[in-house]
Amino acid sequence: MEDVIWNLKSDNVISLLKEGKRVDGRALDEYRPISIQKGISENADGGARAKIGDTEVASGVKLIPGTPYPDNPDKGTISTGAELLQFANPEFEVGPPREAVIELARVVDRGIRESKAIDFKTLCIREGELVWIAFIDSYVLNDDGNLFDAMALAALAALNQTKIPKLEDDKLVKHEYTGKLKMLKQPLLFTFAKIAGEVVLDPNFLEWKAMDARFTCSTADDKTLCAFQKGESGSFKASEIDECIEIAFKKGKDLRKLV
Amino acid sequence: MPKKDEKIEYVKGGKRLDGRKVDELRPIKMEVGVLPRADGSAYIEWGQNKIIAGVMGPREALPKHTQNPYKARVSYTYRMATFSVPDRKNPRPARREIEISKVSGEALERAIFLERFPNTTIDVFVEILDSNAGTRVAALVAASLALADAGLPMRDLVSAVGVGKAGGEIILDLNKDEEDAPDAVDIPLAILPRTEEIVLLQMDGLLTKAEWAKSLKLGIEGCKQIHEMQRQALRKKFAEAEAKR
Amino acid sequence: MEDVIWNLKSDNVISLLKEGKRVDGRALDEYRPISIQKGISENADGGARAKIGDTEVASGVKLIPGTPYPDNPDKGTISTGAELLQFANPEFEVGPPREAVIELARVVDRGIRESKAIDFKTLCIREGELVWIAFIDSYVLNDDGNLFDAMALAALAALNQTKIPKLEDDKLVKHEYTGKLKMLKQPLLFTFAKIAGEVVLDPNFLEWKAMDARFTCSTADDKTLCAFQKGESGSFKASEIDECIEIAFKKGKDLRKLV
Amino acid sequence: MPKKDEKIEYVKGGKRLDGRKVDELRPIKMEVGVLPRADGSAYIEWGQNKIIAGVMGPREALPKHTQNPYKARVSYTYRMATFSVPDRKNPRPARREIEISKVSGEALERAIFLERFPNTTIDVFVEILDSNAGTRVAALVAASLALADAGLPMRDLVSAVGVGKAGGEIILDLNKDEEDAPDAVDIPLAILPRTEEIVLLQMDGLLTKAEWAKSLKLGIEGCKQIHEMQRQALRKKFAEAEAKR
Amino acid sequence: MPKKDEKIEYVKGGKRLDGRKVDELRPIKMEVGVLPRADGSAYIEWGQNKIIAGVMGPREALPKHTQNPYKARVSYTYRMATFSVPDRKNPRPARREIEISKVSGEALERAIFLERFPNTTIDVFVEILDSNAGTRVAALVAASLALADAGLPMRDLVSAVGVGKAGGEIILDLNKDEEDAPDAVDIPLAILPRTEEIVLLQMDGLLTKAEWAKSLKLGIEGCKQIHEMQRQALRKKFAEAEAKR
Amino acid sequence: MEDVIWNLKSDNVISLLKEGKRVDGRALDEYRPISIQKGISENADGGARAKIGDTEVASGVKLIPGTPYPDNPDKGTISTGAELLQFANPEFEVGPPREAVIELARVVDRGIRESKAIDFKTLCIREGELVWIAFIDSYVLNDDGNLFDAMALAALAALNQTKIPKLEDDKLVKHEYTGKLKMLKQPLLFTFAKIAGEVVLDPNFLEWKAMDARFTCSTADDKTLCAFQKGESGSFKASEIDECIEIAFKKGKDLRKLV
């Protein structure tokens, strides 16, 4: 029954796209309105909420001292978690599919990690013994499609205002800080949906349900790519990928001003 | 944070450490209808606490064997974000969160006309984004608003507050410093304000009968202040909705 | 089908209560017969079985050396576990509801912890390094209603005869002890059921199934309250709570003689 | 407990370390019908071992796909209380407990006329409250009594005992000290006493064929002693039940 | 293994560290039909990588609510044996394995005429026995052969390869030493060779647009070499099957 | 439906056995063809694949430094894992029964452990501090019955070629070794199925489905037993067990030449 309704809605998305139109009237390469709210939790070392249209994600960062990996004794690291809260998408009565949430977290993670936005050496406290682990945990509050870009935005905004806690005898001193986390790059994700042969930027929920294939492109700055992720059962032509990359660079300039 | 063994006067010249009077609530802000995809929702800031609540339902209870042919069931989930507490919270639900979810859901059941929705579930989910004492009562207040926002027929709103003891004084709405007092007693309390029925009541710490009597009185007064704020928040939401028509 | 039978049984409980009578003939504020059997396991550091009517719980205590919490370097602690064995209540074919068992364990835990029955400082072995953790694990053998009070009784009886193991080089010496665990208070739980407007002490299984609301009151001694827990979807009037507290203090005098 | 490397004579002048003869069981006490809510139950004390067993069923097997249209299935659960062993046991089922549950349930299946109860499950649950070697056989003996107490039609009781080697000697019903011998061999054995069919047999440790032959003979004799005690425990129960009428 | 900070020339005189040219694959061996009980199977050795793939289905999707009335679903499981990596792998599925399973299964879906098998599942399982860079693409190549071996109607085979950058050079089929280069970029790529449709594409590391263009060209050529090997492996299998008749 | 098919197949197994014949023409005490392939993973410290007929298992060994048990400070240990891969037995759509796999792993483990094939003292690196733990993990690739014997064979073959890694500062040096793991015994399993009163060695898949009872006998060498395991709901006579033991010793001589 529900399947039938979704099929009808998808048919509508598709027939409009055939005429070059999107269900919400946007241009094919247009983002929905974006807003960012900082400082969502005093207990977090950094935090922010990001909205793309009605899609909303809250991200918080906690810096925790831990032991470094044996093969990287002088480097801290990040750990990126994602959760889709039950009210974000009432469709998932028994929770969202686990693999989809893991993919989401890992793509956001790679955007940050592979861009080298954080110099992990600056997270070293004492070589071989103690380093900072930055736990970046994101909660989807409302899912109106394109969680990837919204979560990347929220996570980046949270990192941009993250403070480094004070340590005494290797233990955290609560609510005291020694400085700010240094961000070398401003990595962002740009997600495209391919629907009945057309490629659109920032798919909303209806488009998300109707899409055949998904492509996410992460840029580290205005001329460097740092991660790709193709998903879903459809395919892309090489030329389509190239167009997506062009748009990602173009949109990146605007978005980086916001975070 | 005061050391636990230090001698502290928690109320001095009628004022508490944060300047409040013994019967004074922390600053509270409530907003109704904040989540487009949920059937009902609310956001609350109560002191440092920041909490978002969403309601889905009534919808068919699944799996089938959980259906009650006489009434809806309420499934309440209280969760803390990893970054909502001073130490990072493990993302897995803690036993504390499971217990709070159970008693909070039971408290809400009394307020809803459940018998009108047999075989269904009403799912209430609250996420704590920031915390500083009293999250379970603040969450319950937000959840109650979200239920009303979802248009569920209710006997009354659920209004809730923390009350208890610190430094020998009975005070309303303890903050974290007060909860850390050596003799601290914390009493989360929720009532249906119209009938003053008690729907949630827990207590931790050593208390005499006289202290309990005083606490209960203070708590019920607190709940009634909360109730007034809840009504205002709902009126604001409905006025806005009306204006949009 | 089963629901129908329970509804009929509950109707009977209610119609008797309307005449002031309980299904098993007790007064509203009367406990079922209580008995305690000590020494149920030589491998436990303390152990006991408690019966209230046909409700039976076995509790055992193990003291294990562990590291203290950073914010309480000079204090040991307790950890309270509860399990409802499958044969205790054949109704639960696939195990009892997890939340109910967690609530049970936590209410029993708070009764012990908040009463300050154990001075956690006496469980310190070496400040900041090694403390005793008292694992109090309880198993419900037969569930004829009111597991709360029976488990609290069994746990208290077990603690009352717990011996402190001998340590050599920070390791346990098996079956050797250095003394007894010191109990400063005798905390107990008193559970009431509200059924169709009537409040009864120590509900049996039929009453448990018929109840609208539950109230548990823990007393540390004959004049100090130490924990409350209201449960289920019904409500209590303030005056009803006060009556329960009165009865709890009155009954506590008798029960403390037993443990 | 003797050090593992020490030279110990486990049998000296015909007597074992605890004074028993090589073919002598530890003191055993059995009681039938101890759990009011279970369909059948029994309690056993065997040396230091203290075990309680309960039976539920036959009842409909759920979920449906686990039903066998030809016969009942037996689900056996062997669990140790956290405080039943010298070191605290982790409450989560260990792999050892899962394996013991599997082979013990299979051993009981042979004893019951399962084909009379198609599509059902017979749930057997045993909890070890105290332990000192030989819990799986003691549990099986108690479980067998609980099945009889539940009135299930049985081919025979299952009788079980441990047998094995310590210090070069073949002995019946090893205790923990004997199981800790450097050359210890432990053989849990269960039979249907009437036909001497072997329904449970495990073994750990190095053994020659001759030693095995001797062990089996001793084990079967031990099982028959156990069988006699089981019959007495059941007679006592039924006599009491009769008296109560 | 070179230290990460060392200055290494990854291509010198047209040759890579292991002697290969920039556009040269490691030695590859493919075998089809290696598991008697699976519906289709294949084994691949690709450099040090050793991977076995099996296909079961199409068969009824269970539980029922996972059925799609319009088409079959592909369930792909990528797992590494504990001993397949330098450090022992925890036997529990890692998040990396779950993500790879998801995108690989989606890549295969495009190749199969799924709409012919409504309400069914096609289960693809690959186990990595030994590894040295590029396991996900090697696994996908083996899985594609296993699907063909199972006789499933396919639009095309899926051919896959890794491509990327090390020491500033764009190279085909990176090995572990090259993946450990300080500036390494790894791009797993899978296509349907006939139409050159891209069905899997991931990327890690810093890359310019020009480098990406060069990588994609090299990758597509690599996929076509792989495709030819896949066709030979299938021909060999069918010739043997024919001979056995 | 499937049950019906299996019943028919089992009827065939049984009626042939009544005439003294097996479905695949073997003698009652005859193994299927056995082959062993060594060196299946360069990343393993030892590895092998073993086939008994169409039943195939891959085993690999990893030696990892760890802390010894307090009561055995001078001894390393083994840890034996088993997994039935999904394609090994398509019957198990949602995975094989967990208890069966645990039993399998534990019987293989006891065969190795109780035979004293490995002197755990030779796995000690530094008494009380560091010992080798040999992780022996086996994967069933194809299940055509009698996984027990095939897994024991694969595990033994893997152990026989296991090398001991080099340590530097207590950390593993990758791909360097200091010697071979010393095997004192060659323990093997021999599994028998009792089907309608007949006992057969090495049951294939059809026989496995038809069997009433199972008996596995592990021998450490040509005259020492080291583990037994009886399984399934049928029973054995003492004389049948004795015959199984005789056959196990006889067959052991041949099998030990293979590994």
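Note that the chains are named A, B, C, D, E and F in the order they appear, and that numbering of residues resets to 1 at the start of each chain.
By our rule, contacts are C-beta pairs under 8 Å (C-beta built on N, C-alpha and C of every residue); 3 or more make two chains touch, one makes a residue touch a chain.
Treat the numbers as computed from the prediction; the structure is a model and nothing was measured.
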Which chains does chain D share as contact partners with chain E?
F
What's the overlap between the neighbours of chain B and those of chain D?
C
Nearest whole angstrom, what separates the Cα centre of chain C from the Cα centre of chain F?
47
Inter-chain centre distance, chain B versus chain F - centres from mean C-alpha coordinates, in Å
58
Cα centre of chain B to Cα centre of chain E, whole Å, reads 52
For chain B and chain C, what's the span in angstrom between their mean Cα positions?
27
Tell me, which residues of chain A touch at least two other chains?
none
Please categorise the chain-chain contact pattern as a line, ring, star, complete graph or other.
ring
If you go round the ring from chain C to chain D and onward, which chains do you meet, in order?
C, D, F, E, A, B
Chain E to chain F touching residues, read off their complex
1, 35-39, 41, 48, 50, 52, 54-56, 59, 62, 77, 79, 81-88, 91, 123, 125, 127, 129-132
Flag every residue of chain D that touches chain F in the complex, lowest number first.
69, 74, 95-96, 98-99, 101-103, 106, 109-110, 187, 192, 195-209, 212-213, 216, 220
Show which residues of chain A lie in contact with chain E when the two form their complex.
3, 98-100, 102-103, 105-106, 110, 114-116, 215, 220, 223-238, 241-242, 245
Would you pull the chain A residues touching chain B in the complex into a rising list?
40-45, 47, 54, 58, 60-62, 64, 81, 83, 85-90, 93-94, 135, 137, 139, 141-144, 172, 174-175
